[in-house]
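The same chain A turns up in both complexes below, where it pairs with chain B and then with chain C.
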Partner chain A sequence: MSIRERLSGNEATATAMKQINPDVVAAFPITPSTEIPQYFSTFVDNGLVDTEFVAVESEHSAMSACIGAEAAGARAMTATSANGLSLMWEMIYIASSLRLPIVLSLVNRAVSGPLNIHNDHSDAMGVRDAGWIMLFSENNQEAYDNTLMAHRIAENKDVMLPLMVCQDGFITSHSIENIELVEDDKVKEFVGEYHPEHYLLNKKEPIAVGPLDLQSYLFEHKAAQAEAMKNAKQVILDVAKDFEKMTGRKYGLFEEYKLDDAEIAIVCMNSTAGTTKFVVDKLRNQGIKAGLLKVRVFRPFPVDEIANSLSHLKAIAILDKADSLNAAGGALFADVTSAMYVNNKNVPAVNYVYGIGGRDTKSDDIEKVYNDLLEIVKTGKVENPYRYLGLRREGDK
Partner chain B sequence: MAYNLKEVVSTKPARFTSGHRMCAGCGAPPVVRHIMRALKPEDHAVVGVATGCLEVSSFIYPYTSWTDSYIHTAFECTGATISGVEAAYVSMKKQGKLPKDGETKFIAFGGDGGTYDIGLQSLSGAMERHHDMVYVCYDNGAYMNTGIQRSSATPKFADTTTSPAGTVIPGKAQERKDLTKVMVGHHLPYVAQTLAMNNFADLYQKAEKAIYTEGPCFLNVMAPCPRGWGYPTEDLMKINKLAADTCYWPLYEVVNGVYHITYKPAKKLPIEEFLRPQKRFKHMFKPGNEWMIQEFQRIVDERWDELLKLEEVTNRD
Partner chain C sequence: MDNMIEIRWHGRGGQGAKTASLLLADAAFNTGKYIQGFPEYGPERMGAPITAYNRISKTPITIHSNIYEPDYVVVVDDTLLESVDVTAGLKSSGAIVINTTKSAEKLKEELKGYSGSIYTIDARKISEEALGRYFPNTPMLAAIVKVSGIMSDEDLLNDMEGSFKHKFAKKPEVIDGNMKALELALEQVKKIQ
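On to the complex of A and B.
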């Protein structure tokens, strides 16, 4: 029997980490992910895990130590947010290029500047091309479940890539919700033991990791990383199937909410999906065929699947909780529209940058987006595809 | 057993092998090879190297000069990288995931740029967290890999590409950082400063102590650079000896806070002897620049006197 609990997103993540019992956790405090290493160090100091907790002096060192530990043959985990991830940035690329299946819990927060500790996705978007598998979570349950599935995906021989599980700072990380936990022994069996093929601590086979890799080889090595990312898609689905067998909870590359017969839809990630579902239900009661596509697997990006899933719609709005500051819309918008284009699916699409720096996104805001979509359907025109949602303009109160 | 170079070299195969691409006359390869020889033959090592000359010259894919396990990640984080490896070792050993027999030792190498400057935080963190490892700085006094830019290890007046000896500013304007003392301030079980001379005896003995002292240990090893310093390649060992005999680079160790100077020159040579053979100090010998040599001598004397006092004070009953 699963265990019913009430936990915050951070507690849920720390609980998953306790059940996974990694060999090494190296982490540094930063709001709003700080609680994860806090909870975890109490597990360490109370003897509930076998983990060596390395209380590093920076996030750069956190990722460096995780790289060292994972290359040594250990399972290494960490958690961070925003500027912490920015400071790790150099090592984020090195971790994936060394094909080390490190698992990171990213509690999404606005990257400075100016300084802001609240939720948006600018931290995650800053590493979207770094070669990490990126899973997004609507709520504490998904943050927990994604963490339990992480190692099986990352450590798969055809993948061997690091993975980050994203959840919204404060909105998810600090909100206490009901959750169903899996029993410890079941988690242990599901996650399994890690047996790396080559590792530094195997003295029978000394290896060298992290070469100077010049013109003759780097291209092929990067292509191999790209191939591994492609392979990850099927592995993510396979692991989700096993997870469903254990828990009854079903996961795909994305979730379709009332999308089958929808005429207009929103595409978004993380906790906004919860608000959007509420609005979809409300609109459905009014006879409006609204739907939602919630992206779970952002990297690898499910290009064809998303394009097919959205192809029947009359208009779509893609919500980006990070501005790309490029005069061409947010990252999710670019990915979705690119996916549509290469699959010859022509659906009017509009982008909304929203929720920046923790700006609250209410059901009214989401409803406004659906109303805009109805207008697009009616007129057949997209006046300005690059829009803001919830932005206070000059003269507004 | 007394140290014997011939015996060490004949009984212990090189663990840093030939074929690397370091320059002729570079001080680093003999230092690295000899430190690696201080390992017991039966012990395995995981070596971490910071981005720099040693790293770009010793593991160019798919060839490596290292016979032990090796990891390079980036410039500023060798301390943290090796601390992660060591933490993995402690954790996995405790859980019975590694064979019970034999030991693995953890050695990090960084140049002065990767140690005194960009890697200082990572090094400091690793030492404070008390990982069982040795961090070796091979100090050639500038960013040589990128083309001889000044670092905080560069001595005053040295001509580098970012502190050129100009008509207004005569080379580096500041004194060099005393990193060895910074590491002593971390209260480590073993800190030493050394270089290669007298058949590598001082270097070997300190490496052995550092590797086989439990806890975080630090070695600062002067390793001249023929390109950056401007000396004929065959004069490497002469330059080393002059650094010790002028007390520019004192040889000493600090064991649990107690200082021991391991080499006191019978006759302390004037600093000109060390400066003159090096092109980076050439401008100091122009007429009218005598004040620079005097200033350099003053710094060397002050630091040497301070060291003598520290030895005296820390050895009092």
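On to the complex of A and C.
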């Protein structure tokens, strides 16, 4: 029997970390992820875990300490947000290139400047090509579940890549909601122990980690990293299957909500997917065939699966909670439309940049997107594919 | 009750409106409901206006936005009536609960013709009588439970006794005072005519 609880997204993540009981947690506080290492440090202090907690002086050091720990053969975790991730940036690439399966909880927040502590996805989008597996979470439950599945995916010998679990800062990290927790012993059995194939503290196999890698090999090493990312897709599905056996909760690469018979659909990630479900239900009651595709696995990007899943629609809107500032649309839009193109699926698509710097996304905003899609279906034309949602313009209140 | 009840709290930093919204979420959770409790974070400082929210439902809640058309509004500090549009979007079928000693006429004037029910409670008097200090959030929690009918008085008192015992494990002397504040508030919250 699962445990009925009510926790914030940060409490849920810290609880998952407590149940995982990693060897090392190294972290530096930054809003809105601060509570995760804060709660975790109390678990350490109260003897509920036997983790070595390293209170470092910066996020660069937090990631460096995780890299050192993982290279030595330990299981390491950390948490951060926005500028904390920016400061880790150098080490983020090193972690993935050294094939160290570190697990990071990224509580999404706008990257400065100007200074803003609220939610958008600009932090995550800044590291989307850094070689990390990236899972997105609609609510506290998914942040918890994704964290429980993280090590099994990252530490798989065909993968060996770091993984970040994303959730929306404040919107889910600081909202108390119902959650079903898994019992400690079941988590322990599910996650299992970490026995790396190669590690620095193995005296029987002296190795070097991260030496000079020039023209003759770096290319091949990068190709191997890319291959591992491809392998991750099946491993993510396999782990999800085991997780479903334990909890009854089903996870895929993405979630299709009333998409089968839908004519118009929104593609988005994290908490906005929940608000979109609310709107889909409302529109369905009015006879409008609206649907949702919620991306869970953003890296590796499920190219063929997403293209197939969207191919029957008459119009789609892709919502980006980060502006790529490139005059060519947001990152999710580029990935989805590219996936459609290479799969020869031609569906009118439009992009909305929304929710920047914590601008609240109302159900009315989502309804407006569906109305725009109905208009596109009616006219068969996409006038301007690069749009904003919820942006105030001159003359607006 | 309707399937989903939405509540908006208005208070000032330091008065415990956020804590009250989380306590309400807790109490409703303990009666088997699906709940959300979340504050709207800004540049928080003592005395600044703050907003917090609750959703309470019999079925899972997926919406993750602020609340724009609440069923109920709780005003923890009546000086906010002058500066914040507390009834914005408030359903006329709903109600507003205000911690105040102002007259009915004055309140009606300040609420600019809000057509729904208006309830008042003197949370300062109750708190000072029960606790000897001014903590308006406990009486306001009881007041909104009474007005909204989210749960019975008895369920609230039983549940909060457990919460207070846990929360004030190191200060047991304040448990009785908080329980008394709840009881007085349940009795004293009044609808104005």
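The criterion applied here is as follows: the second predicted complex is superposed on the first by the 397 of 397 C-alpha atoms of A that agree within 3 Å, B and C clash if a C-alpha of one lies under 4 Å from a C-alpha of the other, contacts with A are read in each partner's own complex, and residues count from 1 in each chain.
By our rule, a contact is a pair of C-beta atoms (placed from the backbone, for glycine too) under 8 Å apart; a residue touches a chain by one contact, two chains touch by 3 or more.
Predicted, not measured: the structure shown is a model, and the values here were computed from it.
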{"item": "Touched partner set for A:146, first chain B, second chain C, both or neither", "value": "neither"}
{"item": "Touching partner for A:206 - first (chain B), second (chain C), both, neither", "value": "first"}
{"item": "Touched partner set for A:74, first chain B, second chain C, both or neither", "value": "first"}
{"item": "Partner chain in contact with A:351 - chain B first, chain C second, else both or neither", "value": "neither"}
{"item": "Chain B versus chain C as contact partner of A:24, first or second or both or neither", "value": "first"}
{"item": "Touched partner set for A:361, first chain B, second chain C, both or neither", "value": "second"}
{"item": "Contacts of A:324 with chain B and chain C, given as first, second, both or neither", "value": "neither"}
{"item": "Partner chain in contact with A:137 - chain B first, chain C second, else both or neither", "value": "neither"}
{"item": "First, second, both or neither for A:15, with chain B first and chain C second", "value": "neither"}
{"item": "Overlap of chain C and chain B interfaces on chain A (superposed complexes)", "value": "none"}
{"item": "In the complex with chain A, residue positions of chain C that touch it", "value": "22, 25-26, 29, 34-39, 41, 60-66, 68"}
{"item": "Of chain A, residues touching chain C in the complex", "value": "6, 32, 117-118, 138-139, 168, 170-172, 174-178, 271-272, 274-275, 277-278, 360-363"}
{"item": "Touching residues on chain A, where the partner in the complex is chain B", "value": "23-24, 26, 50-52, 54-58, 60-62, 64-74, 76, 90-91, 94, 98, 200-203, 206-214, 217"}
{"item": "Contacting residues of chain B [partner chain A, same complex]", "value": "44, 46, 48, 55-56, 59-62, 64, 66-74, 76-77, 79-92, 94-95, 97-99, 102, 104, 121-122, 124-126, 128-129"}
